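In the two complexes that follow, chain A is the common piece, with chain B as its partner first and chain C second.
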Partner chain A sequence: MSFAPRPSVQPWARVNKSRKSQIFLASVLPLTLSALIVFFTGLDQNLALVGVFLPLQLVAASLVGFLAFGRRGVGDSFLIVLVVFLSTFVLVLLVSVIVSLVSQGAKAFSWTFLSQNNIYVANTTSLDFGGVGHAVIGTLMIVGLTTIVTVPLGLAMAVYLTQSQSKTKGLVRTLTQAISGLPSVVAGLFIMSLALTLGWERSGLLGSMALLPLMLPTVARVAEEALRLVPVDLRYAALALGAPNYRAFFQVILPAAKSGLVTAILLGVARIIGETAPLLLTVPINNGTSWNIFSGNMMTLPAYIYGYLASVFEPSQNRAWGAALVLMILVALLFGATRLLSRSKSLKSKPTKQKASK
Partner chain B sequence: MGKLQGMSEASVTNSAPVRRKLSAGPLSIGDKWFFRTASIAANFSFVLVLLILIFLLIQALPAITSQGLPFIYGTEWNNSKDPIVMQIGPMIWGSVLIGALGVVFATPLAISLAYLIVFMLPSRSAKAATTLVDLLAALPSVILGLWGLFVFTPVAAQWSSLLNSYVGWFPLFQVSTADNGFLGSPFIAGWIVAIMIVPIITSITREVFSQLDRDLINGALALGGSRLSVFRRVIFPTSSGAVVGGVLLGLGRALGETVAIFYVLQLSFDFNWAQILEPKGGAVASMILSKFGEASEEEVSGLIAAGLVLFILTLGINFLASVIVNRAQPWRKI
Partner chain C sequence: MNSLTKASTLSSENISVWFGQRQVLSDVNLVFPANKVTALIGPSGCGKSTFIRTLNRMHELIPGAGLAGSVYLDGEDIYGEEFDAVSVRIKIGMVFQKPNPFPTMTIRDNILSGLRLSGRKIESADEVVETSLRRASIWNEVKDRLNDQAISLSGGQQQRLCIARSLAMNPQVLLMDEPCSALDPGSTRRIEETIKELSSSMTIVIVTHNMQQAQRVSDQTAFFLADDNTPGGVVEFGATEQIFNGPVDQRTNDYVNGHFG
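Entry: the complex of A and B
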């Protein structure tokens, strides 16, 4: 802070002192006013939010904008208030999901819940007995098998989309994108009709197969983006040194894109780990632990949640919330890993956007 | 890296030079296999779509032949009749209605999120906001169903009753009776679906916004435009194509959503054209899930036929959306 006399008009300054207080008033007054109205008249909160607070905030912000910049300030404030309001709404929904998951799931969450299976559990059994251990094992096995098959396939598709000069690339990309919108229940029905036609029994293996078409597009698309971030000069340099394409890929491009490709795998796993409908159709549920993915019943976390969700008994509802928390923790772990990877990548080298070349 | 062919043919025989043919191909055996593997994997996407179509068709054929065309538009599903009657008209309409509601709710939210991330937030908090949106996309649908049933439904029922009491004269918001507490309506299912497709629309809109020509926007601002007028006259017209594509992708996802709306929607085989607060609606995917558990052999065939209808519907919408999105993002083509 300097005590030198400041010129009263600073057109280049973004906000001066009186404007600061105007902005402060404009952001506090509408909220307090609508809170008071709700408090004293007993108006419904939802209604007050849309019917009182939003118009008041729009008017107040537009007024400040008008005082600051004239007519164009009105448009500025109008858009800003609207955008912030709608975005906050989405944020509130997300926070609500996470908060209710954690607060409700914590009731059931314990080591017993994580490690035991559900053999001797009825609808009203207290939470001291039984848990999701068998479902976690089933989910990890089924998702793991899908991952083992899908990842090479997805990577090869990404290689095709980035490294080859084929003419059908655009069509393949569009089709892959279209498959990414495949309804999960249709994936389950597809494997069921396959099984009915060929006379196969329902098992964990079928569940894995049903998850494949759901995971493949995610892996292929994210891997393609990762490979595309590798500067094309690297590849040309390798080729110019006499390396064949496959060695240029495995020894130059693959190491450079490693973290992006791992991200592709993790995002693919995160995409399918919570899929419910295909597993409900293809995998018979089980209350005990099963290590055999190729035959017999098997439990998965989503099927576990689904089974307990609609129950009217309190312990069962708590089980559903607890299992949902476990599932969400798995998703969050995968998600956090991708963030860490992308951060370490951006620290090492800034990814350079490839110029579009004909 | 390519080999040139036809050099010798191009030697002068006439005064007009013959057009040379240039072609590039893999040079070594390793390369040949490298590219062959890649193209086999790429062609797997065609094979997958074909396989899905073929096997669904094989199993759906009995139902299609026995039910005929009314399968698509009829309003009855009765497994105690002989012969069995299976018709999914209200379910298809219900899926479309819920998808449309989801898109209507989600699009303004998604566009304002994208605007906030690209044009308003400093880069660090923009990254955080992007992460949050991605986290929203990563929420499994069964978790959203759980949350929707226990947490969101009471709130949305409150919104419904407010809508009904203040704008109830509008046909969209009329209900036959308010006794059922506004539960299980397409309105609630539409909101659940909207939460699922907000991230899809946001990510595509965000990408288009960030690729817009900044000079164009700054120029418009320098000419005296406000944020609002620049958005309406510059940003929106140049990016609307991709936004439409993103909305269509979201619609495709909304039509196929199964578990999340299974719990919050009251399924009914009675057409609910547009009374979105009425506790009866339809959704093909949820109907399949609800009936599959105790379905007879004939019914399984009918359900697979319903899945086939859903598949063709969503594949068409998604294909159109992908084409639009790819057209609107020329910088992605290499």
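Entry: the complex of A and C
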């Protein structure tokens, strides 16, 4: 058998001319019609989008669907229009959040803003001075400490929930789910009242403690799902080769679930990195840089944003937007780096000389 | 690999199995002599796979599993106090119905995984890899791609890789639970050839739904059957020749001739 050149058109994608014009009309007419209605009646645009355009488009698409495939075509085209409309809606929401964050945050964004702290900065101080350096340090340290403590705990819980045959599993799973519904402000209040009762000084450490119950259920549950997805065949294969349980877990199950476990950690970090209420209650804020998480004041990015967002002064508002942008970039960097790290390891075992035949 | 360990005789005595309160196997007495291939045949749900799992203590991993009776490996009870499940499984290897290579490992690492997982020292890794792959007759196909991921192989190759993985442990007995059920005729033929070659150095027990396969590869055959609402058991056990050409029991005759099942 010999190779043939790939045909440019896939046979299933061929559409005849009259259908092409039908599709063209069905995609253009509803939009023009709704535009005209808005223009002449002065109907609210958003209302027209949902109340005029969407129904018109659904009718038009259903009509074309009916002409092409009969009744089953109606359902298909109905669904396609809804899916495209709603996903565009969500996409617009998402993109507009990012665009406004970038455009507003860019005003404050500079190396100075990233590296300096907030000492000697008043509400009206120009953006040439001061920044979020201290808040970045605070956020990284507090979230970092929470992560260091929570990840082993959460993974251990996931292992317990998937690998053991204990009878208290159901109780543990229910409690974990219950904690995941805990309002973050309650977690903060709990730690604050604990500190007041015991006479502890408020510090970054307390902030980490308040974030722990928020992160733990996310890590535990996502990690549990990741471990559950590893086929039981693999565990049996390992055990049938004479592996003790712990080696089967560490050498076979854990590597197979690795990317899912990384996701669990990332989602956990994402859950807490923007938390504001618990930190406001437990961590005294600060304008200077502090590297000491165990005592004294400490600034975090959410607290910084909260502090400046309601200000009437423009430079302060810009600072809040800038800090929000920094927070988003921080999360993006964190996620990117972790994904890259967890991927490159699995690539390493692939051959360097030969092409992997797939 | 230096010297191949000797094949062993495996025997089961009054094996009965329960899942929860339900008994699924009753009083199975079979002897698997050294260097012989024994086929376990019978309709689905008669307990063949369950039985083969009692032979290397994989059965106890299923929640709610119960067991009575003994399994002897060269006269020693593998459920006795001197044995633990891990050392039993090192001596008695197993190949599963579905190919299950470790997806995170390369072909080479899959072969060595048994040694690593059981905490043994690997002295001459390359030799172990080559010998095991050769014995599973897959060496020629994979020798140039040992560092590829195991899941890049085809289904038939994956199953032979799993056989090679078991062979790297140099087991005295190899249990195979329908090893060819997911494979094409070509792969099946190669695995059958492998089984014949392997029987010179180990004892083999194979569960199969394929009558021709049982006739081709086995020296002796056990026919399992579970009547409605009764636990499964062995109806007839003997030389393969006899089971297929002159069975004593009418039910065996019906089954091997395709009258039911």
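Here are some notes:
The criterion applied here is as follows: the second predicted complex is superposed on the first by the 287 of 358 C-alpha atoms of A that agree within 3 Å, B and C clash if a C-alpha of one lies under 4 Å from a C-alpha of the other, contacts with A are read in each partner's own complex, and residues count from 1 in each chain.
Keep this in mind: a contact is a pair of C-beta atoms (placed from the backbone, for glycine too) under 8 Å apart; a residue touches a chain by one contact, two chains touch by 3 or more.
The model shown is predicted, which means the values in this text are computed figures rather than measured ones.
In the superposition on chain A, contact is made by A:S166 with chain B only, not with chain C. Contacts of A:L234 after superposition on the shared chain: chain C is touched, whereas chain B is not. Of the two partner chains placed around the shared chain by superposition, chain B is the only one that A:V97 touches, whereas chain C remains out of contact. By the touch criterion defined above, A:R247 lies against chain B and chain C together after alignment on the C-alpha atoms of chain A. In the superposed model, A:A324 makes contact with chain B only, not with chain C. For chain A, the partner that touches more of its residues is B, with chain B and chain C as the two candidates.
By the touch criterion defined above, A:V185 lies against chain B but remains apart from chain C after alignment on the C-alpha atoms of chain A. Using the contact criterion defined above for the overlaid structures, shared-chain residue A:V312 touches neither chain B nor chain C, since it reaches no partner. Touch criterion met: A:P255 reaches chain C, while chain B stays clear of it. The contact surfaces that chain B and chain C form on chain A in the two complexes overlap at residues 165, 239, 244, 247, 354, 356-357. Remark: chain A residues 44, 46-47, 71-76, 78-80, 82-87, 89-91, 93-94, 96-97, 100-101, 104, 152-153, 156-157, 159-166, 168, 170, 172-186, 189-190, 192-194, 196-197, 213, 216, 228, 239, 244-247, 249, 270-271, 273-277, 280-281, 302, 305-306, 309-310, 317, 320-321, 324, 327-328, 331-332, 334-335, 339, 354, 356-357 touch chain B in the complex. On chain C, the positions that touch chain A within their shared complex are 56, 58, 61, 63, 85-87, 89-90, 93-94, 96, 98, 100-106, 109, 113-114, 116-119, 144-145, 147-149, 152, 162, 165-166, 169. By the touch criterion given at the top, residues 165, 231, 233-234, 236-244, 247-248, 251-252, 255-256, 258, 346, 349-351, 354, 356-358 of chain A touch chain C in their complex.
Residues of chain B that touch chain A in their complex: 1, 24, 26-28, 30-31, 33-35, 37-46, 48-49, 51-52, 55-56, 58-60, 108-109, 112-113, 115-116, 120, 129, 131-136, 138-147, 149-152, 155, 158-159, 162, 166, 195, 198, 224-229, 231, 249, 252-253, 255-259, 263, 285, 288-289, 292, 300, 303-304, 307, 310-311, 314-315, 317-319, 321-323, 325-326, 330-331, 333-334.
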